[in-house]
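As written, the chains take the letters A, B and C, and residue 1 is the first residue of each chain.
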Amino acid sequence: MFRLFDPLRTTVALALLIAGLWWARTGDYFGREILAEMAVFAIAAMSLDLLAGFPRLVSMGHGLFVGIGAYAYTVATVLAGWPPAVAFPLAVAAGAGAGLLVGLATVRARDIFYIMATLAFGQMGYVWVVRSGELGGDDGLAGAPRPDLSALGLDLSDSATFATLLVSVAALVYLLLGRLLASGFGRTLLAIGQNERRVRALGIAPGPYKVAATTLSGAVAGLAGVLAAMHSMYVSPELFHWTWSGEALIMTILGGIGSLVGPALGAAAVVWLKYAVSAWTEHWGLFLGLFLILAVWTGGQGLYGYLERLRRWSATVRDARGREHAGGDRAHQAVRGPHRHRPGVAPGDAG
Amino acid sequence: MTTAYWLTQLLNALQYSMLLFVLSVGLTVVFGLMNFVNLAHGTFYALGAFVGWSLLRITGSFWAALVGAPLVVAAIAALLYLVMIARMQRAGHLAQVLATLGLVFVGVEVMRMIWGDFALEFSAPPALAGSVSLFGLVYPAYRLFVIALGLVALVLLWLLLERTALGAMIRAAVDNAAMASALGVRVDRLFFAMFCFGCALAALAGVVAAPIFSVYPGMGIEILIPTLIVVVVGGLGSLRGAVAGSLLVGFVDTFGQVLLPQLSGIVVYALLALTLLLRPQGLFPARA
Amino acid sequence: MLEVEALEAGYGETRVLHGLSLTVGRGEVVALLGRNGVGKTTTLRAVMGLLPPWAGRVRIDGRDVTGLPAHRIARLGVGYVPETRDIFPSLTVAENLELARRLGRREGPWDPERIYALFPRLRERRDHPGTALSGGEQQMLAIARALIQNPELLLLDEPTEGLAPIVVQEIRAKLRELIASGLTVLLVEQNFRFATPLASRCYVLARGRVAWHGPAAELAASETLQRRLLAV
């Protein structure tokens, strides 16, 4: 079961939020740009976690939703000339609509079939955008505006204000998705991921839950796309390419799939590493790939999984010390059944 | 539009289909055996092209490249399988699949480091460099060679699967791996062999494709998607499925570009979406 | 021949076997009885190595084989006829048998000629694909496929399930013949009336444990036992 206000989860989320807000105030221009990128990826990774971490719909086409959100916003504002206040909800709705369609089309696909189907749908979007003249093809589209929030006293052309806003939106998305995942809906999604047959046996049809989750995930990913378009004021078909979706999945897995805060942490870590590594080598992809292999190899629990293990270990140590002081009790024994809980990436292994 | 024009398109479609067939057949059999999809399959295709390019430079012989590159790539695949994928057996297939996604990223960078960023020229062997006159139509000899090679591979694979004891073992293990192992089949070893064999075939396709498309690091990332579409449309684990899927994707893509240029590239995905909706198991799945 | 000791096994988080023990002596036919879902098939799968045991021991000819993969256990001379028959649909009848014969690599009385003599129907249908067989023919092929490996121990899972009474008669006659030839069998059955005449000893399972074991004749004779153990 997913608990939103789990102490460790809350600590990590608050630490990320405070670090983000502090960095937005004190960082230099380049740092704020990186921070805004982290926030965008964090939102995209959290929306992917809603699918991959709970009902175990490991999507390799998440860029489709992000790309649709970004392009819908850009087309509506730049090409159609609509105001951002109209384009924004429209773009999020476009992401949701794409999620609904993909959810319906893949409702029967499982495991690797799901990977292949989403991979293909994402790539379909890529080819479509690249081949279309109106959308700028390979060159993408420039000029997506940031909304005018001067009525609220906010100047979004200021990089500090914009980064602060994005970090706040990421925090809101975290709270919203967290509330949802802690509810009965979230419990059902998790149960579907653990054992779909048992869910069916309980008389619950998993299909509508999966479609609903994909729609919602599409909406949030669409939001990430809108923010990405506003951030760089430019959209590129690369958002749709399957390697972009693969990168989003890597962030989610590196951070800790199924923990919601982990993917946000993973997004921040990967974006930071990308800039750090790119400073001295152009082969950043090599590291990204090796990180993924390493993360999967070591059990697929990601950074959050390590923090959880650390917490369990420190609790064990504390417990053992307490017993010693209480008067020579037996050493603490960790409980290890043949099927202990292991929130890794392997399907159906969570207990 | 003359008859010769359409005949040329037909041969183009056939040539692309044969390339896709050689690429997808290994992938689909491995998938049928273990429910495992190697996302780095395209990476081995690109690697085959690069290794072939180097062998061509060293030996000066296209044929040495054609034979040597698959062997080198199979050895690399075997090594990667043993140090990485086999050790992740307990983590489940999904974890193994994600590890191959990591290999995609690593592979591109390693190839960039060794062979650079730019497209490399790879010329067809002198014997096949010219054109052939065929029913009043002039067609590049090399492309005819690709079609012939694909057909030979098809016949050999059919004989292997349908007429040998090893083939019966593979079909049995694809049908029902647990029952096959209860009769004494070492399914894990069979899987390993097919994995390496599939990668060798991908490398062969890479060398064969190189004179047509030239050689660049991203070529594997590009070819993966059509290959996966072939596997899904054809149905998993069967030779017939690989043949049918390759022909469908090859023809739909080639004629889609000719007949519906405004939708070029998309038609193949429409084919996939249609398959997923109407026949999610594909046309000829091994396990009905 | 076979010793199972305090075996525990299950699927996912569900434990099916809770410390089950049984033995089968060489040349003996032992029946494993019990209602649906008590763990009969799970026991066979765990012995065959298709399901890794959580705890306990499995020995074949005194050799510890616990946790060995299925292909190793098959090569030690254990033949397996699953409840679902599991004929390979892409192989013809003859190919199904030929594959098993090659993999068996064991000297013994069974060769294709003797198999076809025992099951003439399989000879008639030798070039048909596995999918084109009736339920009874599939069952015969599943038994034949195990026999052609010349097993020392045959694990036979519900050979009569879902078959018409006349086919059940035929299978029973064939099994009598096989048992008379001295084959060692662990027979899983729901239908104790089918099993007790064939077996020398019976184990009755309840909730993953042995609830009763003793001579087959004793179970066949005692209605009290039958009512208590099998609710018939």
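In this section, a contact is a pair of C-beta atoms (placed from the backbone, for glycine too) under 8 Å apart; a residue touches a chain by one contact, two chains touch by 3 or more.
The model shown is predicted, which means the values in this text are computed figures rather than measured ones.
Put simply, the chain farthest from chain B by mean CA position is C. At the centre of the protein atoms shown, by the Cα-centroid criterion, sits B. No other pair of chains shares as many C-beta contacts as A-B.
Computed centre separation for the pair chain A/chain C is 50 angstrom, with centres defined by C-alpha atoms. Distance between chain centres (mean CA atoms), chain B to chain C: 42 Å.
In terms of their C-alpha centroids, the spacing between chain A and chain B amounts to 33 Å. None of the residues of chain A touches two or more other chains. Here chain B touches chain C in the complex through residues 165, 168-169, 171-172, 174-176, 178-188, 286-288, going by the rule given at the top. Against chain A, in their complex, chain B makes its touches with residues 31, 35-37, 84, 87-88, 91-95, 97-99, 101-110, 112-113, 221, 224-225, 228-229, 231-232, 264-266, 269, 272-273, 276-277, 280. Residues of chain A touching chain B in their complex: 58, 60, 105-106, 108-109, 111-113, 115-117, 119-121, 123-124, 127-128, 130-131, 242-243, 246, 249-250, 253, 283-286, 288-293, 296-297, 299-300, 344-347, 349. Within the complex formed with chain B, the chain C residues making contact are 48-50, 69-71, 73-75, 80, 82, 86, 88-91, 95-96, 98-100, 102-105, 131, 145, 149.
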